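Okay, structure first, notes after.
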Amino acid sequence: MPKQLLDKKEIDRTLTRISHEIIEKNKGTEGLCLVGIQRGGVHLAQRIARKIGETEGVEIPVGSLDISFYRDDIRIRKKQPTVSRTEIPCGVDDKKIILVDDVFFTGRSIRAAMDAIMDMGRPALVQLAILVDRGHRELPIRADYAGKNVPTSKAERVEVLLKEDGYEDGVVLLQPGEDVP
Amino acid sequence: MNTRILLKGKDLLGIKDLSTEEIMLLLNSATSFKEILGRDIKKVPTLRGRTVVNLFFEPSTRTRTSFELAAKRLSTDVVNFSGPSSSIVKGESLLDTALTVQALGADLVIIRHSSSGVPHMLSRHLRASVINAGDGTNEHPTQALLDAFTILEKKGRIEGLRIAIVGDILHSRVAKSNIYCLRKLGAEVRLIGPATLLPRWFGEFEGVKVYHDLETGIEGADVIMMLRLQLERQGTGFFPTTDEYFKEWGLTKKKLSAAKPDAIVMHPGPMNRGIEIASEVADGPNSVILEQVTNGLAVRMAVMYHLEERKEE
Amino acid sequence: MMLLITNGYLVNPAENFEGKADILIENGTVKKIIKSEKPKKNNFKDNNFKDTEVFDAKGMYIFPGLVDMHTHLREPGFEHKETISTGTLAALRGGFTTVCAMPNTNPVNDNAGITEFILSKAQAAGNARVLPIGAITKGQKGEELAEFYMMKKAGCVAFSDDGKPVANPLVMRRALEYARGAGALIISHAEDPLLSEKGVMNEGALSVSMGMKGIPSVSEEIAIYRDIALAEFTGGRLHVAHVSTEGSVRIIRQAKERGVAVTAETCPHYFTITEEAVAGYNTNAKVNPPLRRKKDVEAIIEGLRDGTIDVIATDHAPHSLEEKTREFDSAPSGISGLETALILALKLVLEEGALSLMELAGKLTVNPAGILGLDSGIIKEGAQAELCIVDPAKEYVLKSQELISKGKNTPFDGWCLKGAVAATFFKGRLARW
């Protein structure tokens, strides 16, 4: 059995904490827009937005971003069978864009996501929220909101499983050759 | 875990060789590219550093421009080989020309030729991916993809739709690619035209119905695709006059009423107004002809993207 | 110098004999043929075997040297495709000791001078026997008759505009009439050029789906109808080249039943493969007449079986690689056939069971020889040894690059074949290739 890093409850608590940090750091919700990176970040962005909305009593716009066209490395699209939608209904101009991703690894996806956002307009600021930071950064990028730090080896994999995709919520550490149960 | 869907072949030579899954992959990605085309900055860095060569042995400003712009939107470097300035008219063999293009470091070679099968023959000698931009009277795969994309946008589905293709089916590579594409996606395909331009062999195509009367053929149609009548064919015995052609097979508002009220009318362009289509229809509410052009860009970007993507695997 | 070919299975249609036989060859002449179920060395007890070489033909067929009445040797004028020397060596490798050279050279073989040139080149090459076929019309233009009498005296065995049809019916009428007087045979490339237009493959659902201009089967059939009617009307002798369609077989069958002086040939590709071979725009399968459909292949085999089609010819049409790598529309038509014809034809006997060995041998030896009035294609005592020995069990993958012919253009490249020519004797000598 793969090693469980976070269970359902822990994920929920982490997301609650991140949503509070986002409100605090941005001094409210004015101009806030959460953008999930396809595919792992989209559901998380929706959950965080819901939590912020519940706390503040407003509706936070949520977008999705496919970075296939900005990748410098094919592995970025590894998890998705086809190119997914990019949809940011509120636009990015002058918005406070919070990029949301599940696992923070080399930083290359985030670089691609920032390029994609910049091509769409001029946001007021861009911040980054991630659920799991597994290290091994290859670019000078850091997260503004980090869930759990997990030391890993490069060969290992970290998978975030969510009920939206038909799993029970959880984060697992997979050894080479191991697969999601 | 989801596994990635990739194109199986190195080239896009025809719809004939594609699976339904591959067609849907291209159409789905075209949606994402269309989103990019709606932005202020219509360019993505996806294929930065790749070289695209437009190898056009037959003049076509429209198709060449569409491929060129699509390639540029993907940040590739594009080179055009065509017309009398190239080595083609100097008697250089086809293969030599292709190998020269290869030596330039082309990753993608887009080929149009007046002879069927040339992209297929050249692809066997090239490491680069070949995209067929129209070969003789064989296929024009990206046109069929953009037509399918347009229908999906307008109708939300293709399966079960009644789609009529009207005109010079025999000599139309657009018609050929559309027949294969629409059949693979589950449409009811009807072919309409004079019997000289729609010989009985088409009756042997699986799942295709042949009509020689326009109004019978388009009855209840969801989509009507008009083909360009090549005026050079007048006087070669396929049909007597364009006058009779328009009266029998030209699409007018009156004849259009046989189709469904919300039927869409398509044309690959350029149109011969008053010969295969009346202006009242071309410019009318059912026409989606200009949207086809925009969609052509998105579809061609998707094709280039996926051909390059499979090389990295 | 003596050679004993022993343990072989002789198929000699001239005598209607097939069975085990030993053949003793002395100084190139067939000295003795001993036919028996179990040939023994003492069959030849009169002879001193001390300096006799023995060729063990166990499990092999021995045919008379084959006769190809339809070969393109390309010389003069197209030596980049083939020369008389390379073409005749390819012939020997394929088991053919006699080949009839079609006149579509440059210049066209439409006068005795060219005929003599071809014969002298063939003499010098010393491979297979070359019998020229003269053009029906000057320059194969289909307008004025060529000099049949002078060319016949120079050595032409028949007349044909092969490669091009004689489009004008009046010219064909005159050709058949004039040839009748000259005792000459007219070989018709039966095709209506107006119906074929610029076609490049068989017309049908496949040509339409590949976007290629089709050559309809009626283009061939109408021309055969016409030529048979003209032969019947003039009393001329007609031979129909490369029959490819079901309708053509039917038309010729009916004409033969009426007693018209018509004979016909087909080629291995017309009974071995269909139009499907052009898939992927394979120019090596581009040939004229084009490869047809399955029903045509079946009808051709039936025509061979019932005798409607008298002859299997190669229509050996070599082309250079450069020419065959052009776009399909502009690539020349033709298949390099000398080295594969017998082996493909053998399938009709060994795999299809459509013909007997004897019938097959007839269509490759005495039938063409008879139509052309030759005494080739026979094994008999006292004559020069001309034999083709085939090992029917040998299996191999055909590699076009290994053909002797300059023309590597074959749609059978990569095919697993069974049967190979083990030896060919021409003018009493074992050919080397």
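Going in written order, the chains are labelled A, B and C, and every chain counts its residues from 1.
Assume a residue touches a chain if its C-beta (ideal position, glycine included) is under 8 Å from a C-beta of that chain, and two chains touch if they have at least 3 such contacts.
Only a predicted model underlies this, so the values are computations on that prediction, with no experimental measurement involved.
Between chain A and chain C, the least number of touch steps comes to 2. Across the assembly, the mean Cα position most removed from that of chain B is the one of C.
Chain nearest the geometric middle of the protein is B, using mean C-alpha positions.
Inter-chain spacing, taken between the CA centroids of chain A and chain C, is 75 Å. Separation between the centroids of chain B and chain C, computed from CA atoms only, is 45 Å. Taking the mean of the C-alpha atoms as each chain's centre, chain A and chain B sit 39 Å apart. The residues of chain C lying in touch with chain B in their complex are 203-205, 207-212, 280-281, 283, 322, 325-330. Note for the complex: chain B touches chain A at residues 1-5, 25, 28-29, 31-33, 35-36, 39-41, 43-46, 74, 305, 309, 312-313. Residues of chain A touching chain B in their complex: 66, 68-71, 74, 77-87, 115-116, 119-121, 179-180. Taken in their complex, chain B has these residues touching chain C: 16, 93-95, 113, 115-118, 120-121, 135-139, 170, 173, 176, 199, 201-202, 204-205.
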